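Alright, structures below, take your time with them.
The following pair of complexes shares a single chain, chain A, combined with chain B in the former and chain C in the latter.
Entry: the complex of A and B
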């Protein structure tokens, strides 16, 4: 992912010191306090792996900032996943975790499996079957960059 | 003790056929060590009832019901019933050829566990059953309009599910034509 370098001094001259400081602070809070809701439909259940990398799982879409999807998404479950996503408050982010969620993996030729990216807009893809601690750390770091960029560059 | 008289599979098959009219069980064979009876649609329930209750047979367990699709045949579906007799230590296979339009009588009255097998066969192959207490779909979506386990159905499916921003809901869209050769091979030949 390419990170845009921002000329902060120039931004401050245009928008004022307080606005920029507030936005940077908001981004810092958001990226460090993101609560993730795991939706695991396959064998790589994401609870333990999320806790490994320091993200607290929540189990209510109304309290979640990040939706972590893992496992092959069947057509029947796709409707439920979209409903969960719609219930989350904005701004919201989606991680597709594991090969099955990234590109259907083993189930690529199945008539009953939907692509996660077709159902919800995915921000970060974490490959691996299952993803190891290294990939998870990379993924969470990438998600923090996404959150930071999205809030700072409004 | 009486069962000891029917030592071989063929003898046992002859014993079962003695209790029914000749046309009810037209064929009998031993396929890979298991006795296989081909039965007629009308006699299916009577035969299963007999096999369950007869003291020599005692096939008290219905292990499985499966279905096979033969696109070339006139009776294009073959239902296969697997029975187990724990008391007598025997297994038995019963075959029944059927079509899409003609319903098969449900065997839930004889074996209650047949209910889920028949639901699955109906949604996967489109074989209909009459006398079934609850013929809802078992696994697939309610709006599914295809029969996935038929030989004429492409393995990857004909539609895929995407979220439609304008409509605000998930909708089925037709699949793109397979481009790679490996994908084509998975699409079975249409009959």
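Entry: the complex of A and C
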């Protein structure tokens, strides 16, 4: 943010307005009502898990703030995941859900499995095989922290 | 295939729309009519067969369980049966009973989920909450039977890991008589005579018996076409010859027949579980060679090391063993060279032959019907791609 803009905001505030930049406002909306796109590769079904913790899934990358990747990512699906990520509007966040998505888990020796963190930048890792509702809630909280930190650093 | 002037290609993805796994269908369309469907496989390929070669039997169990999470105790069961066939052992009677009960509970769970998916593709989303309620209860009951043991390693060579509590049978009876029937009648009331559902499924995705058998169909998809083939009756394993059950059969071979068969099979599974619970024998649940439970601490430690560290030595040879999983025949072909880890482990997945017949199934159907047909076949891509 440029210094000019901040001066202008301060002036507005001194006059008694509640002033906020659009970017901060967008991040505030994202923090409280993130639309998550589930991409389920392997055995964890992130769709149901997301619904359990109260996140509304969307099935279009253009509408999504958060990409939720679950399961072991095969080499063939890695390109698809990257394309989905590229189509999402910024600012965007990624959750890797399940041990396989976090660090390949069981399939560490497999020739066919890629690391999610190598394909897309992951913000939150949720371990578990499969993660329970408690871990998922923790993960969503961690994501909100990540988004909030981003507001502070703007 | 004739080339049509106005034809164009269209991606139908993701498939399945909801749930686990990932796949892609490429359709060649003539207006709204599908002329050809190319299923693209391999998006869920995790190299499990190769991973199995580096794993001992108890580690391999965890891999096989990951093949199909929507139907617990289907894939790992076949692997355990193959190992037992190779070792030439027979499990205690009580263990065989518990296994069959668990397999049938997994079948109920899988069929319910398949029905919910089919219903949602035809526009009846209300089935999902009903099925979620039932499946949460089934999962709770399964973990109660497993008594704290991770579900994926409960069924193991030599029997089952540990015995369940005494009151578990009462809970199962209560669930079978009080909790499940209302949910099932709700689902049937919503779908079976529903005009919209019938208009979307009757006569859609038809496949006749000869083609289905030639393509390698099995399970519900084959029986919906009128071929009476069920491994539980044809080659009974464990306690399946102790129970009497019908094999529901339909000759229409369409989506509606597959839906009806799933519902009928749920009732059959319920009656099987009830019969098994009534004549459940007493005794051990695992052979002494395959458990760490010993009287002395030192022998217990050495057994633990032997079982989990070194693994169970498999005699050299090759063996094929199959179970009637909810999706169809799931088989394991196991080759051993005498070591603790299998030399080769191949899976015969039930969904793979269905994938190759998708083109025939969707011949000249509407674009809107493709998703209904795929949902009615209950293809789980993680199991298909291995």
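By our rule, the second predicted complex is superposed on the first by the 127 of 154 C-alpha atoms of A that agree within 3 Å, B and C clash if a C-alpha of one lies under 4 Å from a C-alpha of the other, contacts with A are read in each partner's own complex, and residues count from 1 in each chain.
The rule we apply is simple: a contact is a pair of C-beta atoms (placed from the backbone, for glycine too) under 8 Å apart; a residue touches a chain by one contact, two chains touch by 3 or more.
Every value quoted in this text rests on a predicted model; they were computed, and no experiment measured them.
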item: Fit or clash - chain C, chain B, common chain A; value: fit
item: Of chain C and chain B, partner touching more chain A residues; value: C
item: Which superposed partner A:133 touches (first chain B, second chain C, both, neither); value: neither
item: Touching partner for A:56 - first (chain B), second (chain C), both, neither; value: neither
item: Chain B versus chain C as contact partner of A:19, first or second or both or neither; value: neither
item: First, second, both or neither for A:111, with chain B first and chain C second; value: both
item: First, second, both or neither for A:82, with chain B first and chain C second; value: first
item: Partner chain(s) touched by A:120 [first = chain B, second = chain C, both, neither]; value: first
item: Gap in Å between nearest CA atoms once chain C and chain B share a frame through chain A; value: 5
item: Doubly contacted chain A residues - partners chain C and chain B; value: 76, 109-112
item: Residues on chain C engaged by chain A in the complex (per definition of touch); value: 17-22, 42-48, 50-51, 54, 62-63, 66, 68-70, 132, 382, 385
item: For the chain B and chain A complex, residues of the former touching the latter; value: 140-141, 146, 148, 153-158, 160-163, 169-170, 183, 186
item: Residues of chain A defined as touching chain B within the complex; value: 75-76, 78-79, 82, 109-112, 114-115, 118-120
item: Chain A - residues contacting chain C, complex; value: 39-45, 47-48, 59, 71-72, 74, 76-77, 80, 106-107, 109-113, 130
